[in-house]
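Below, chain A partners chain B and then partners chain C, in two separate complexes.
Moving on, here comes the complex of A and B:
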């Protein structure tokens, strides 16, 4: 059965980011207690895959790399309609940067989700916001990639026309499978999970796989396989005048304009 | 083994037109190279002559590596990476920067993976640590945190940097253009870019505007939004928006300011109805003067302002517009 692979990332639920804090002693980011959620754009990626499934009868395989306590977030992908989830989870994978993450996910796709027609990712994750993993997965899989996709069209499921938003304009690419696609929120509106989906998800396979089963080169995964390091974290401090003006609109408007004039910006 | 040396910049171009971000990065590369006593280089791909490439030396490039070929005028990741990666392997620069634009964000990770080196994304600053290692400042979690990223062992140290973070500056140093051979076949141009479409610019461009008037969710409706446009027009400035205001449909995505939008550095920034989350603040923090208008005296945005007005934007903005018109007419 032709297969479409969707890469997803469970992230700390953005609704609770006010609970993130830096440990002043260690400089380590504390995210304890924040429940995992699917990265929003990954749902757009999944929606593209589910529509292809409906049109061409493909199977949708979700892959992820995350700690094992994120399975609840991954069940949501199954409830939306994915057929199965493979989660790479192992202490050896912790601390991975984008290169090590991409290597691991590519290896997971090779081992468990090949052959495939397409690999689809969200263009960016809300937490790390690097947007780097999709192109690097494509490198490790030896396939072309297209990121920043706003439109995905195909007649036959083989030849695709993809529009890439490059802000100043748009590039339209034509590409035949297999390739990797990273989508933006403009590509579609992800479906909502319904009760039938949630019930169905309970019996769908969600397999957790460790580093040994993936036959990973342990020098290329986790912190050890990551070329980058975090030297420190800080909360940005911005020093400004902070002169607060209050009063009737007429008065404060006059006062503000005088201040701006003095500051030389009017 | 040759030491890794030199600060390099990929010069982005769209359909043959060089983007500002590459020139901005060249001036930063110049600064870092001078600090370290080394050289700078630019990589230019496209339908360019040696004379075109020479112009990059006016922005701080000691060397310009030119791949001249009309097929390269339109971006293609595989073709670009298959020229850039071997060049970098041969010349061994210590750092390579690209714009954190869609094209840079598409190309840089592929090149970094081919080189098996580290890459940091959407940097808002670059500096040298005391040990000479490049420190790359990256916002995370919507900008609520800043991380200092380094790449201690692998070379080159790679980073994508937001447009508008650094200022381009002209340099009087003399540089040279090195023409490189373009050895590509049809298979390298996959996927095939069949068309480029420009978008219509409806508003005054934010980039380079001296005054930016920006609104957030607190503007409440489209009617009030027009007040921002009027104020901007009186001041000869541009209108920007926060993510929630764009989501409400009051302004197009192109004018979104913040970590995932644009970074602006006007002389005067006026923000109304904006709560001031870091996502937005990172996009405006280099403005000369920041004015915040918000009816909630506890709004976080007041902490980063020069002048704050506690009041209803619906009432303050018309008063400002009136007073300004009076001043400019007298």
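Moving on, here comes the complex of A and C:
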């Protein structure tokens, strides 16, 4: 059965971010007690996959790397309509940077979700927010990637037309499978989970896999396999500034407009 | 004893909350103004699986049960109590058919009700709300039909339902007391019509109307349960479906009040600080929270008992009484936190207060609940 793989990252539920805090001593993000939720864009990624499933009968496999207590968030992906979830979870994987994350996910895809037509990611996570993982996964899998996708079209499930918004227009790509796609929120409106989906999800497979089973090179995973070193973390200071513009209303308006442009808010 | 909400019900809560935010919230203002129910919502409630929550999979539902229903109605009612009562009375139209109906009746009505059609359950008459024996509508058997005459009022879903479970007087029992029977009525039965629609202070957008039976011909296979079982069916439906439904709506209103009051208190600045710094305001929030939690957990217990197949009529009445009264208090306190802004229609707390007011008589008044509870107390303590 042709397979479409979706990378889904559980993150601390954004509705409770007022409870997140950065330990100024250690630089560690404290997320204890905050329930996990799915990274919002990964739901858009899943929606692309589910529509392909409905059209072409493909199976949708979700892969993830996260602590084991995130299974309840991942159940939501099954309730939306995914067929199965593979969660790579192991103490050895903790502290991974984007490279180690991508290596692990690529290995998980190779071991459990191959062959595949397509790997779909969110374009960026709401917590780590590096936007690096999709391209890195594609690198490890040796397939092309298209990121920042705002529109995905296909007639036959083989040749895809992908639109990417750029600053002053659009880029349109044509690409045949297999490739990796990273989507933005403009690509679709993810479906809501319904009661039937919740009931069906209860019996769908959600498998937690450790590093040994994935036959990972332990030098390339977790903190040990992460070349990125965080030099410092700080909470940006947000300050109010005040400036009074004087002169003729029209000149002042012009000046205000310029200042807003300079500040990058317009 | 384990008070953990099962994972799948947590997911249900989250999903229904998202649904309510996406599909219902944008409709509320219009419902408040026009008093009309947005019919386009019906198929969406069906697709979400909310119409089929208490109908078993054998008849096209999903049978997720009463605790699930309590959570779903709570989340819907946080956004719109009017959609909450529409849904809850719809379930009152499904449950008696599955519980007391024949195989043919279940097959004929339930799959559609679980997917795309709205049901209703109408007992109250101008002459009898609390006093069920005051019901005057009659049904007489004539050949292959029951001929019904009379008038029902306060029928929720009057103008959108495709199936009505109704109760009428069909004679006298052995002791000479009036005997009642239940029937399933379709809107296009000869002699049936929908009368006026009440213009209510709360639950705006949910229909409460009159049903008029004028020599209405109901095929004899539409008798629900046995002849003479009407009161039993009506009371079971009100007790086990209607009361927890009203309780769930009220719990939703309690939490909506809590959220709005808390938000406002953090935003409203007086004397240079948010009013949430004032202990008098904090005490109001503490009260809303306490009354909301008490209502919620009485309701969960009653619904959990229902799912376990335990007798729960007293617990359902208790939950309904406490939750509706608490919702009114919570909404009032939330209004207090808002000061003058509580009187402005843009702020939803005034709507919670109006909805909570209307929730109190719906499904039986507080006095009637207290009669039931006192009877229990005198017997058991």
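Here is the rule we go by: the second predicted complex is superposed on the first by the 234 of 266 C-alpha atoms of A that agree within 3 Å, B and C clash if a C-alpha of one lies under 4 Å from a C-alpha of the other, contacts with A are read in each partner's own complex, and residues count from 1 in each chain.
Please note the rule applied: a contact is a pair of C-beta atoms (placed from the backbone, for glycine too) under 8 Å apart; a residue touches a chain by one contact, two chains touch by 3 or more.
These numbers come from a predicted model, not from an experiment.
Chemist: Of the two partner chains, chain B (first) and chain C (second), which one does A:20 touch, if any: first, second, both, or neither?
Modeler: first
Chemist: Which partner does A:72 contact after superposing on A: first (chain B), second (chain C), both, neither?
Modeler: Only chain C; A:72 stays clear of chain B.
Chemist: Which one hits more chain A residues, chain B or chain C?
Modeler: B
Chemist: When the two structures are overlaid on chain A, which partner does A:202 contact: first (chain B), second (chain C), both, or neither?
Modeler: Touch partner of A:202: chain C, not chain B.
Chemist: For A:238, is the partner it touches chain B (first), chain C (second), both, or none of the two (neither)?
Modeler: In the superposed model, A:238 contacts chain B only, not chain C.
Chemist: Check whether A:102 is in contact with chain B, with chain C, with both or with neither, and answer first, second, both or neither.
Modeler: Only chain B; A:102 stays clear of chain C.
Chemist: Which parts of chain A are touched by chain B and by chain C alike?
Modeler: Of chain A, no residue contacts chain B in one complex and chain C in the other.
Chemist: Which part of chain B faces chain A closely enough to touch in the complex?
Modeler: Those residues of chain B that touch chain A are 14-15, 19, 74-75, 77-78, 101-103, 105-110, 112-114, 116-122, 129, 135, 139-154, 190-199, 211, 254, 259-260, 267-268, 278, 281-282, 285, 288-291, 297, 302-312, 315-316, 318-320, 322-324, 327.
Chemist: Under the touch definition given earlier, write down the residues of chain A that touch chain B in their complex.
Modeler: That would be residues 14, 17, 20, 22, 29, 97-99, 102, 124, 126-136, 138-140, 144-148, 161-162, 164-175, 179, 226-236, 238, 240-246, 249-250, 252-254, 256-257, 259-260, 263, 265-266 of chain A.
Chemist: Per the contact definition, I'd like the list of chain A residues that touch chain C in the complex.
Modeler: 72, 75-76, 79, 192-196, 198-199, 201-202
Chemist: Applying the document's contact rule, which stretches of chain C touch chain A when the two form their complex?
Modeler: The touching residues are 7-8, 10-12, 14-15, 18-19, 22, 47-50, 52-53, 62, 64, 68, 72.
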